[in-house]
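In the part that follows, the structures are each spelled out as structure tokens.
Heads up, the next two complexes both have subunit A, just with different partners, subunit B and then subunit C.
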Partner chain A sequence: MNTEPTLFDLSELINLSDGNMEFVQSMVDLFITQSEENAELIKEHYEKGDLGKVKAIVHSMKPSILIMGIYSLKEDISSIEDYTRRNENNAHLSELIAKMEESLLKVSQQLKEYHVI
Partner chain B sequence: MKNDFLIFIVEDDKWYGEFLEHHLTRNPDYVVRRYMNGKDCLANLHQKPNVITLDYSLPDLTGDEVLNKIKQFNPEIQVVIVSGQEDVATAIDLLKKGAYDYIVKDKDTRDRIWNVLMKIRENQDLKDQLEQLRVEVAQKYDFEKTILGKSPVITKLFTMIEKACKTNITVSISGATGTGKEMVAKAIHYHSTRQKKPFIAVNVAAIPKDLMESELFGYEKGSFTGAFARKIGKFEEATGGTIFLDEIGEMDLALQVKLLRVIQEKEVTRIGGKDLIKLDFRLIVATNKNLLDEVKKGNFREDLYYRLLGLPVHLPPLRERGNDILILAKHFADEFCKENNMKRFTFSTDAKEALLKYPYPGNVRELKAIIELSVVMANGEQLTADDISFSSVTDNSEISLEDELSLDEYYKKIINAFLKKYDNNMVLVAKKLGIGKSTIYRMRQNDQI
Partner chain C sequence: MTNIPCKYKIFLADDNKIFALFLMNFLKNSGFTDVHSFETGELLLQRIHEKPDIVLLDYFLNSKVETAANGNEILKQVIELYPDTYVIMVTSIGESDKVRELFKCGASDYITKDEKVRSNLETALIRVRAILDGRSRNC
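Entry: the complex of A and B
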């Protein structure tokens, strides 16, 4: 049995989807694909030193993170945005990005194992 | 509500774009197209979207840039900014630049966008209805429907009116009562470049003299007893459009001075105000008086007369329009029958003769009343002379030179007409006619009147 805490909460998505579980499933599937892509892109752009692109990706993820109930990432995203807005590339930013990449991949894995319908 | 309300969603995050699109397409009247960057959206504006929901942070262009370009292309497209940032200053700035609303991406965004779209759609429907009404009004005042006739005087009138429509020149319409002065004024307005702006009509004779200034020029709150709030005047109401001053010959001399200044300077100060307000109007005036005679009598200012002259349009009395009487009679009969679900009438030869013979002191308005009554009273499918009653709609005291009476007979007829009009008040009638009241008493006693 997997004892890791669930990193997401679909209740808001289900509520906003008016109980349309097929739609919820399609959004979960899309999130999985997108978060894996985003994790890759964030790492790639950070390694190139392109903080502007890191900021853009992180910013665009905010609404989906919120609606998918991935509350653990909320503060980290805000912090990454702040650093990248100020063009501050420091150790803390590096940690946050690594943590975000790991979290996104974990969430993605958990969602794959979760059955909506 | 009309169908097919086209909405563009401009959102670079695929997940969120999908989410919004799903919700918006739940309304079967909404057609939704999604774009992931500003350039693709701009390249498709020719599809004429009604609304664009625009993510403020796009990969290629800023939300500002896209908003500006949309508004340059078509200011009627409503743009709703959807942003991850709760930034009041940015929101205000965007609203000033023409954004309809600024919505932050959170759990309530879906409902907020839904409500905004409903409001936009309601406003759009109202605008469309208003535009349709404008078209209908313009059609109603189409020349060929407004001024019927083929007589030389009317053909010449059409030419003058067409010239009036092409510019903003002041038009002065003269003509007896019932000749259609307001119809002509409206026809000019609704065929001019100002047709989408207001047409404000003011009947100078109908407004008490002491209220005329405040009506025309407006007033500030507290400027006089009873001025509980600011009120803009008719000239301001007509901004961009036309102001029609009917019965201009009745205007008080003191007010004529003020009117002259407003017309010349195209600016006004409201009563009790300090600010000079710039005006943008086209002026049309009308009168059934001979203004030049009024100038000579000292009742009308000469400088104002020449200022108002502009393009003079004279509406001839109906009796000078010959066969136009029959054209108008048929038109009024047909219109009345259509409105009252009646079968159309034809006119007998004797009916036509009777209509052509009558002098119509009330002009076109009187003809309309005569025809409508005749249609009501007629039997069968043809209007005959017996169906047409001139006396029941006209005053029995009508005096026509065509009767060729003696001077004494005209004298008695005139006195009788005035006694009827003023309820047999001999003192008042004597005063009105400038004769001694004893004259009237004596004529009464001798059964002369």
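Entry: the complex of A and C
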């Protein structure tokens, strides 16, 4: 039995979709694709030292995170934004980036295993 | 949420596909049947000659296309070409300090992408329908 906590909460998405579960499924599918892409891009740009691009991607993720109820990432996203806005590349940022990548891949995996309809 | 059919044409530019999809779905459920989504402001401007009644513009539009202009630049171009366009800027938390500048550049309204995004949108749509319906009665 999987005892890892569920990283997402679709209740708000279902509410915003007026119970249209096919639409919810299409949003989930899109999020899975996006989160895997974003995990890779964040890592790639961070390794190249391009904090501007990291900031742009992380910023663009914010509404998706809200819609998908991934509240655990909210603070980390804010922290990454703060560091990258100030162009501060430090050990904490490095940890946050690694954690973000891991979390995005985990939530993507959990969503793949979740049956909307 | 009202879903009375609404004749107004809406263009929206947002580089986050999930949020754009959510907006499209919400607008259609609200009765707006003529809704078009663009990933960048430049793509929106290519069709601006279609004269949308309402434009929803994200503030930051360059996460996917690095050279894409931001929402405030696109706003200025839309208003310069079609000053009567009702432009709603879409911002994230922490950017409300830019809001005054956006209104100076011709934005008609703004909404924030936060936990209250649904009610923010509903209120903005009620306002825009009231204003545009009022304009068409006066013509």
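The rule is short, and it goes like this: the second predicted complex is superposed on the first by the 117 of 117 C-alpha atoms of A that agree within 3 Å, B and C clash if a C-alpha of one lies under 4 Å from a C-alpha of the other, contacts with A are read in each partner's own complex, and residues count from 1 in each chain.
Methods note: contacts are C-beta pairs under 8 Å (C-beta built on N, C-alpha and C of every residue); 3 or more make two chains touch, one makes a residue touch a chain.
Not measured: the values here are computed from a predicted model.
Q: Label the relationship between subunit B and subunit C on subunit A in the superposed model as either fit or clash.
A: On the superposed model, which is not a single observed complex, subunit B and subunit C clash.
Q: For A:63, decide between first (touching subunit B), second (touching subunit C), both and neither.
A: So A:63 meets both subunit B and subunit C here.
Q: Touch test for A:23: subunit B only (first), subunit C only (second), both, or neither?
A: both
Q: Which partner does A:32 reach: the first (subunit B), the second (subunit C), both, or neither?
A: Touch partners of A:32: none, neither subunit B nor subunit C.
Q: As a test of reading the superposition: which chain, subunit B or subunit C, is in touch with more residues of subunit A?
A: Partner touching more subunit A residues in the overlay: C.
Q: List the residues of subunit A that touch subunit B in one complex and subunit C in the other.
A: Looking at subunit A, the two contact sets intersect at 16-17, 23, 26-27, 30-31, 34, 56, 59-64, 66-67.
Q: For subunit A, which residues are in contact with subunit B within the complex?
A: Residues 12, 16-17, 23, 26-27, 30-31, 34, 56, 59-64, 66-67 of subunit A touch subunit B in their complex.
Q: Within their complex, state which residues of subunit A touch subunit C.
A: 15-18, 20, 23, 26-27, 30-31, 34, 53, 56-57, 59-64, 66-68
Q: What part of subunit C is in contact with subunit A in the complex they form?
A: Residues of subunit C touching subunit A: 1, 15-19, 21-22, 25-26, 29, 60, 62-64, 66, 92-93, 113-115, 117-118.
Q: Write out the stretch or stretches of subunit B touching subunit A in their complex.
A: Those residues of subunit B that touch subunit A are 12-16, 18-19, 22-23, 57, 59, 84, 105-107, 109-110.
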